[in-house]
Amino acid sequence: MPAIEPEAIVGSRITNQSLSRWLHSLPGVDKVGLEARVASLSTRSIKTTSKAWGLDMAIKMMDLTTLEGADTKERVRSLCLKAITPDPMDLSTPQPAAICVYGDMVVHAKEALGKNKIYVAAVATAFPSGRASLQVKLADTKDAVKAGADEIDMVIDRGAFLSGNYLEVYKQIVAVKEVCQRKDGNHAHLKVILETGELETYDNIRRASYLAMLAGADFIKTSTGKVSVNATLPITMLMLQAVKDWYDTTKIQIGVKPAGGIRTAKDALKYLVVVKETAGDKWLTPKYFRFGASSLLNDVLMQRQKLTTGNYSGRDYVSVD
Amino acid sequence: MRLEIKKTYKLFIGGKFPRSESGRIYKVNNHKGDFLANVAKASRKDVRDSVVVARSAQSGWAGASAYNRGQVLYRIAEMLEGRREQFVAEIRELTGKSEKQANQEVDNAIDSWVWHAGWTDKIESVAGNMNPVAGPFFNISTNQPTGVVAAFAPQDSALVGLVNTIAPAIVSGNSVIVVTSESLPLAAVTLAEVLETSDLPGGVVNILTGNAKELGSWLASHMDVNAIDLEGISNAAELEMLAAETLKRVIRPGTYSRSAAKGALQHILDFMEIKTVWHPKGN
Amino acid sequence: MFDYAPAPESRDLVKFQDSYGHFIGGKFTKPSNTYGTINPATEETLAQISHGTAKDVDAAVKAARNAYEKTWSKLDGATRGKYLYRIARIIQERSRELAVAETLNNGKPIKETRDADIPLAASWFFYYAGWADKLDYAGLGPNPMAHGVAAQVVPWNFPLMMLAWKIAPALAAGNTVVLKPAETTPLSALLFAEICQQAELPDGVVNIVTGFGDTGAELFDHSDINKVAFTGSTNVGKIIAKQIAGTNKKATLELGGKAANIVFEDAALDQAVEGIVNGIFFNQGHVCCAGSRLLVQESVQDVLIKKLKARMENIRLGDPMDKNTDIGAINSKAQLTKIDRLVKQGVKEGGQSWAPTCAMPKNGFWYAPTIITGVAPTNTVAREEIFGPVLSVMTFRTPAEAVAKANNSQYGLSAGVWTEKGSRILKMADQLNAGVVWANTYNQFDPASPFGGFKESGYGREGGRHGLLSYLKGSH
C-alpha cells in the first residue's frame, strides 16, 4: 500500500490555513440528492442466494460491540463466546470480524477469544466525548494497544473541527496513529470516529472524512453510538464515496464503519447494496467495511434461520448476549 | 398667409423614423375621401429589419425592472395626454368622429396605458405561484415574456385599438412589431413620436404602416418571431397555419376587446411563458 | 460476490383480455379492425387492439358531447371532484396491477412504473379532484366555464401518467373527454376504462378510442370538439396546430425537447452525476424533458466524466419485470432503429461514443446507456431529439457561454443547472428559455407543479393551477 504524502495531497505545508483551504475546495453535497439516491438504492430487492450471501457477509463484517459503563469481565466474556459460536444450531454460521469494547476490557476479550481469529477493537481517546488533553488520549490509546487491542476506534475532537481548528484534529489523529505502532512493526488498525451526528451537515462529514484519511486513518467510522443521530445510510454512502474518490487519486484504500442504530438484517442488506453500488466490490469485505452493532447479530441470525429452514424464527431461538 | 408645414408620415423601426426601404408610399384620405397624406408603405424588408431590432432590444427591455417598465409606460400616458389635441384632430379627420367621441377615444388610449403601466410589477403576484410539491423542494412558477411579438392592430380604430394591441405585448418585456390599420395610420405615426420621446428603448415597439395582408405572411412565417396577434388581419387562418411551422403563440381575431380604457390580464399572459423552477431544500 | 439474484414481479397480477374494443359511452365496443400489441421486452403479443376509424371517433365524440350536455356540465363541482377522488383511490388500490400492465406493454422497469408512473397518475387525480369545486379561485374570475369536449392524444412513454395529466384537469374543469392512447401502449388506458366503470363515472364522460396516428387525426379534425390536447413529437404538434388553424379549438401541446443539463465547477458533483443519470437514463431516455445535452464546465470535465462512467457501470439493464432493473426495453423496433441511426451519425460527425458493458437480452429491443463526448453545438446529436438513453456531452467556459449554448435550440422544455452558488442559480433560471428549470435536481414531477415548454416544445401547461387553466375559459 502506498504511503500517504499529506503535503503533496494538500499541495502545501500542513497548516490550519492550508487544511482549511483544501477541505473547503471539496465539492459540496446536496442533501436532497444524496438522500434520494439512497432511497432509490434502498428499493433493491435482495432475494435467495444474494440474500444468503449478504447475511453471512453482514456477520463477517460485524464489530460486535458492548460499550456500557456497566460492562464487566463476565459480560465481555459472554459476548466473546457469542462471537465464537453465534448460532449453536448452525455451526456453519460465520464469526463476526471483531469484538469492540472499552480499553480496560481488552484483556478480558483477548483471553475469552483465545486463538479464534476474531479481532479485538478498543474505543479510545476519551471515548465518546473526546474531551480530554492529548496526553490523556494518547495514554488511553497506549493502554489499549499494550493490552493487545488489534484495532483502535478513536474519536475526533468535534469541538476543534466545528470551530475551524482542523490542524488540531489532524494533529491528534496523527499522534494517536503513532502510538498505535507496536514494537514488532505492526500497528493496531486505526478507526477514526467522526461522530457525524454532531457534525450535522454532509459538507462537514465529507471534510472530516478527508481530514481523517489525510491523517492516516485506516477506517473512517460514523458514530460512537452515544448521540441521538448515529449511522444512517446517506452518511455511510457519503463516506463510501469519499473513500472511493480517495482511492482513485491516491491508490490508498480506506475502510468505512457505520456504527449505532443498525438493528435489522434488512437494514444491513441495504448497507451492503450501498457499498456495492457506491464504492464497489473492493469494499465488500470485512477488511474494508464493518458494522458497529450489538443487536444486529441476532436479527441476522433469525433471518439466516428463516432462509435455512423456511420458517420464521423467534427470539428464543437465538441467544441473548 | 403662412404656408403650413406638413408632416411626413414614416415608419418607426428601432427608435428611428425611416422611410420604407422600398421607397413606397400610399395615399391616405380623410373620412370624406379627400387626400390627407402620403404614408410610408412598409415592405417585407422593413419586416425583416424590424424583427432584427426587436430581437436585439427585447432582452434589455425584459431585463429592466418591472418598476422601471411601469414608469416608462406611465410616461407614455403622460406624453399622450400632452399631445391630446393632435390625436383628437387626427382621429376626427380620419374617422369623422365628433370631438367628444374623439376625446373619449384618446381618454381610453391614455387610461389603457395607465392601466397597463400598473400591471408590470403585479403580474407575478397574481399569475405566478409557489407550488406546494410533495417533496423537499422549493418550487415556483413565474411568467416571463415570450420574446418578439408580431401584431396586427384592428383596422377600424385609429388609436385606442393600436394602444390595446401594443401595450399588452410590451408590458411584460416583449418587443413588438405592429402593423397599423391601413386606412387609419396617422395617429399611429404620431403615437410613434410619443413613444420615441418617452424613455422607451428603441426597438421595443416598431410600427409599420401599410398593407397588413402583404406583410402578414412574412411576419407569420418569420422564424425569429415568438408570438402573433392576428386581430387586424383578414386572412387569419392562413397566417395561423404559417405560425404553426414554428409553433408561435397565436391570438385569434376577436379574442380580446381593443376599445376600452383597460385591457385583460389574460391578454398580457398570452404573451408570456410560465417557467417553473425547482430547487432542493437541505443543509 | 454480491450479485443480485433475479427478483421478478409477478406476471399474474394482471390479466388482459384477448381483444379489446373502444370504450365509448361507458361500454366497450365489439373489437374490430384489430392489431396486436406486444411486450417490447419479449415481443410476445399481449392482446388484440381495435384500430379506430372515423366512425368510431364520431361515436366517441357524440358520447362525450351527450355526456357533457346532459350530465357532466350539470353536476356541481363537488360531485365531479368526488368522482375524481374515487378514481384516484381505485388507481392506488390497483397500483400493482397497473404497474405490471404498464411494464409489460411499455418495456419500462417495474421499479419506475411502481414508484413513479402509477403513484403520479393517482396523485394527479387526487390533486385535480380538489380543484373541481374551487374553480372560482383559478384566476379567471367567478364562474369560469369548461370548453366542452376535449380531444386528447397521449404518447407511449408514460401511458397512464400522461392519461392522468390529460383527463384529471379536463374533468375537474367540467369537460368530457375522448382520449386516444399511443398505438404501442393502449393497455393501461383500457384498464383505466374499467376503473371509470368501477368508479361509476357517468357514461360518456371518458371515452377511449384506440388506434394509430390516423385515428388521432380524425379526432382532432372532428368538428364537435372544443379543446385539443396532445403530447408527442414536435412534428406532429405542428401538423395539429395547422389542422386547427382558423377554428375555435383551443390547444395544449407538449412536444419535444433537447434539454441542457449544465454542470458548473462548483457543483455538488456526486449529486450532479446522479442528476445526469436520472436526467437521461430515466425511462430509457424516452422522456421529452430528458437532460440529453450535458454542458459541463471545462475545468471539471475530466473528473465528472470519470465519475459518470463509473456510475454508469452500475446501471442494470434487462428484464423490466425484475425489481432491480434500472433500464428496460426500448418501446419499439422503430424507436431502436432511430436511436441507433442518430448515435452512428454522432460518431460520424466526430463524437466518441461510450457505453458500459452490459449483456443484452436475446429478444426484444434494447439499447445500452450511452454517452457521446466531444460533441459540438453544430452536431446532429446536439440538436435532434434522440428520445433514447443517449447523452451528448459538450463543454463551456463561462456562465454566459453556458446560457448561450443551452438556449441555442428550437426547443425549450426543460433545463438543469448544477452549482452550489445560490445567486448563480437564480440568474441562470432567469436566463434559460425553458418551461421547467431543475436546479440541483432533475426530472422531478408533481401534480402541483406546472409542466410545459417554450418555443417548439409547445404551449400550455399541465399540472398545478396553470394546468387547470388549460381546460377553462372565463365567463363573459
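By letter and in written order, the chains are A, B and C; residue numbering begins at 1 in each of them.
One rule holds for everything that comes next: contacts are C-beta pairs under 8 Å (C-beta built on N, C-alpha and C of every residue); 3 or more make two chains touch, one makes a residue touch a chain.
These numbers were taken from a predicted model, which means no experiment stands behind them.
> When you take the mean of every protein CA atom shown, which chain's own CA mean is nearest to it?
Chain C is the most central one.
> What are the two chains with the most C-beta pairs touching?
B-C
> Distance-wise, how many Å sit between the C-alpha centres of chain B and chain C, to the nearest whole number?
Each chain's C-alpha centroid was found; their separation is 37 Å.
> On a C-alpha centroid basis, what's the spacing between chain A and chain B, in Å?
Using C-alpha averages as centres, the distance is 69 Å.
> With chain centres defined as C-alpha means, what is the inter-centre distance between chain A and chain C in Å?
It comes to 44 Å between the two C-alpha centres.
> Please list all residues of chain C that touch 2 or more other chains.
In chain C, the residues touching two or more other chains are 440-441.
> Could you list which residues of chain A touch at least two other chains?
Correct list: 30, 32-33.
> When you check chain B against every other chain, which residues touch at least two of them?
135, 137, 280
> So in the complex, the part of chain C that touches chain A is made up of which residues?
That would be residues 1-7, 111, 115, 266-271, 274-275, 306, 314, 323-324, 420, 440-441 of chain C.
> Could you list, by residue number, the parts of chain B that touch chain C in their complex?
126-127, 129, 131-135, 137, 139, 141, 144, 146, 226, 236-238, 240-241, 243-247, 249, 252, 266, 273-280
> Note which residues of chain C are touching chain B in the complex, please.
123, 139-140, 234, 237-238, 241-242, 245-246, 248, 253, 255, 410, 412, 425, 429-430, 433-441, 444, 446, 448-452, 454-456, 458-459, 461, 464-466, 474
> Okay, in this complex, where on chain B does chain A touch?
Against chain A, the touching part of chain B is residues 135-137, 280-283.
> In the complex, go through chain A and note every residue touching chain B.
Per the touch definition, chain A meets chain B at residues 30-33, 35, 200-202.
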